[in-house]
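Have a look at the structure below before the remarks.
The chains carry the letters A, B and C, assigned in the order they are written, with residues numbered from 1 in each.
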Amino acid sequence: MADQPLIHARGLVKRFGDFTAVAGIDLDVAPGEAFGFLGPNGAGKSSTMRMIGCVSTPTQGELRILGMDPVRDGTRIRARLGVCPQLDNLDPDLNVRENLTTYARYFGLSRAESRKRADELLEFVQLADRAEGKVEPLSGGMKRRLTIARAMVNDPDLVLLDEPTTGLDPQARHLVWERLFRLKQRGTTLVLTTHYMDEAEQLCDRLVVMDAGKIVAEGSPRSLIQTYSTAEVVELRFADGLDANADYAAKLDGIGERIDPLPDRILLYADDGDDAVSEVHRRGLAPASVLVRRSTLEDVFLQLTGRTLVD
Amino acid sequence: MAAETMRPLHPVLAVVERYVLLYRRLWHASVFSSFLLPILFLISIGLGVGGYVGSIEGVDYLSWIVPGVLVSTAFQICIGESTYPVLGDFKWVRAYHAMRAAPIRPADIVHGHLIALILRVEVSVVAFLVVVLFFGGLHSPWALVTPLVCALLVASVVTPVTAFAASIESDSYFALLFRFVVIPATLFSGVFFPVEQLPVVIRAVAYASPVWHAVELCRAATLGREPTWPIAAHVGYLVLWAVVGLVLARRAFKRRLED
Amino acid sequence: MMTTLVAARVSLSPSRVGAVINRNVGALRSGPAYWVVLISGFFEPLLYLLSIGVGVGALVGDLTVDGHTMSYAAFVAPAMLAVSAMSGALAETTFNFFFKLKYMKTFEAVLATPVRPFEIALGELVWAVVRGSVYTAIFLGFMVALGLSSVAGALAAFPATVLVGLAFGAVGMWVSTLMRGWQDFDLMGTGQFAMFLFSGTFSPVQNYPVGVEVLIQLTPLYHAVELVRGLCTGIVGPGLLVNAAYLVVMTVGGLWLASRRVEKMLCE
């Protein structure tokens, strides 16, 4: 059991009529891993998550969750999953604690056990002082933490989080991340979707980048950066930028591994950023501003899925 | 690990519990419609208008409409609780999706909702019967079976209406349901006057409505007489609605929560 | 009327209703069902008339009120008409008005233009009454067809139903500016329903104990029913002037109070 993957998929496909949401993906998630699906909207992340959550039947391919078949054993699998959906679906007419206890009862926990779990989890997500309060006045971040607590109520083997911090303000996001990080430290297996690079870098041991229903890259954040980007990136801005960047790009040709002219700046991908900057000056170019930074997942992501907005 | 053996013994019961909890939170909002309104109705129509009616089928008008008002109250609660709240739990609250992510099957939700509503209606039915007893509106110990008849009515009404609520996207369809189904079913199903008075065509509509069959059974019980049709025919018809409705509701929930 | 009231109330949970209204008003307004509902607004009072007026009426036979004998249906029909005018106007000026005031911020946008609060209140009221009057006109047509009112009576009663709509609409608008939340609508619905049952709608108020009778005579629907019934049946007397005056005071007072409240809420 310990070595068996919690999620095992081969050639997994999901179609809705003519539309193919997931176009044949392979993946394995090991116990204790924090695994991320990264991708633009419509990449097929949520459809994959719904199949893993056993609420959507795969059209084709092989899928095993916790070693079981989601179609036949969906109920048994769900008993061991924790799900935090993209949209909070807390019950507005129940108070904060009742949202947890009611949910715990769906998993067959006794009343006493439900109550105990609820209080522990409220402590964990820092909502103990709101236990008797209504759900409606909670902030977005608090609601999300409550939903995460609810997902933990059955002490799940696998926690699914669909865009856990979308729509939250920066402070609230960090608080959610911090709690998820603690879960990870406890050894809970996390599977999450996100389109935030910083989130993926913060939380995921390993991730896949999805685009148009397919997995286009897989690895740890570090290995993805190594494979698909350079160690450093130089951002150059020219005073007369905007229209002239294509011309500047031609003049920069040959510096670093790759040049990406954007409307407002030019990105130079190079393993040694300072070297590249010296070369720029040597060619007699005088950018208005120069920034050398480490490559991030965002660079990988944009390289892989393109710059066109897919909203 | 505890999770290994953790399987809900009674997922339906857990769903019922949620509804009971909700009812305990919100019961005060329904005091008027479930308790006070039927009594006011009895006073206005039963006593007020009844004074002019005198006796009907050998009893005073108040006693005659008691079972009608009883059944129509149960009917109203069923409709109210199976329309907006059901669509809301799919669309806005998304409570059903939350259940679905837990080891609760769509059919468990349908059954839990139905059982919770039967309990909910029985509370109102019993309260109503107690009050009516003091009005002298019950004429036979058979009145004790009216809660059972109402439970059967709940099953025959809640299931198809729930199926409807689970199949639509916009709540504006409920207005159509109220206006063209619920109101005619309340006004022309023998609640206020015998359906024999209706023109034959409209009478057929009354016969088709589960409300009329429940009214007939309850009236027979509170007045201690035989119903219009054989008891088995009335009961069988209500059971038919309940069974067909249950099949439809389970299918609609499954369709909406799975894809 | 009753059934809709009941159904709405059974399922009432302020947060749910709020959520429904909040997110779905657009769909509600444009859905195909909405138009059917809008057009068939006269349907409910008509069903009530057929069920209680005609159905129960057959059990009651004729009714003698103040020495005038009429069929029970002829007694109930004008009351249903008045109730229809009342609930039509109230639906528009309470629930919808409250929604626009609190959630859609419609009025804030309007007030940024030279339009004044009083004009907003008046505009809302006129729309409510125009819509309600279409229903009452259709209903009057049915009454004439069923022999429950003469053509002259119907023509005389129509302006009275407009006045009823104005009176309830104006007061309803004022009341909705005082509403704290959706739960207060429950209270209002209760009052509305109690009036529906006991304002001489289904049986003459003279049958009630004197104390109750006097109490009823203080409430607005009683005056609306009396006025409309008097004109429909042609049994007119000086009392109708009192009824009409009551409704005029409601209209003027309601409008004045409503626009003052809107001004206070939005312009300060």
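Heads up, the rule we're going with is that a residue touches a chain if its C-beta (ideal position, glycine included) is under 8 Å from a C-beta of that chain, and two chains touch if they have at least 3 such contacts.
Quantities reported herein were computed from a predicted structural model and do not represent experimental measurements.
For the criterion of most C-beta pairs in contact, the winning chain pair is B-C.
In this assembly, A is the chain whose CA centroid lies farthest from the centroid of chain C.
Separating the centre of chain B from that of chain C, both taken as means of CA atoms, is a distance of 28 Å. In terms of their C-alpha centroids, the spacing between chain A and chain B amounts to 47 Å.
Note: centroid distance chain A to chain C, computed from Cα atoms, is 55 Å. Contact of a single residue of chain C with at least two other chains is seen at positions 13, 16, 19. In chain B, the positions touching at least two other chains are 22, 26, 93.
Listed for chain A are residues 92-93, each touching two or more other chains. Residue ranges on chain B touching chain C, taken from their complex, read 22, 26, 29-30, 32-34, 36-37, 40-41, 43-45, 48-49, 51-53, 56, 61, 76-77, 79-81, 83-85, 88, 92-93, 169-176, 178-180, 182-184, 186-188, 192-193, 197-198.
Contact residues of chain B toward chain A in the complex are 1-4, 6-11, 14-15, 17-18, 21-22, 25-26, 93-95, 97-105, 257-259. Only residues 3-4, 6-13, 16-17, 19-20, 23-24, 27-28, 31, 33-34, 36-37, 40, 43-44, 47-48, 50-52, 55-56, 58-61, 63, 72, 183, 186, 189-190, 193-194, 197-198, 202-203, 207 of chain C touch chain B when the two sit together in their complex.
Chain A makes touch with chain B in their complex at residues 16, 53, 55-57, 75-76, 78-81, 83, 85, 87, 89-94, 98, 102-103, 105-109, 150, 154-157.
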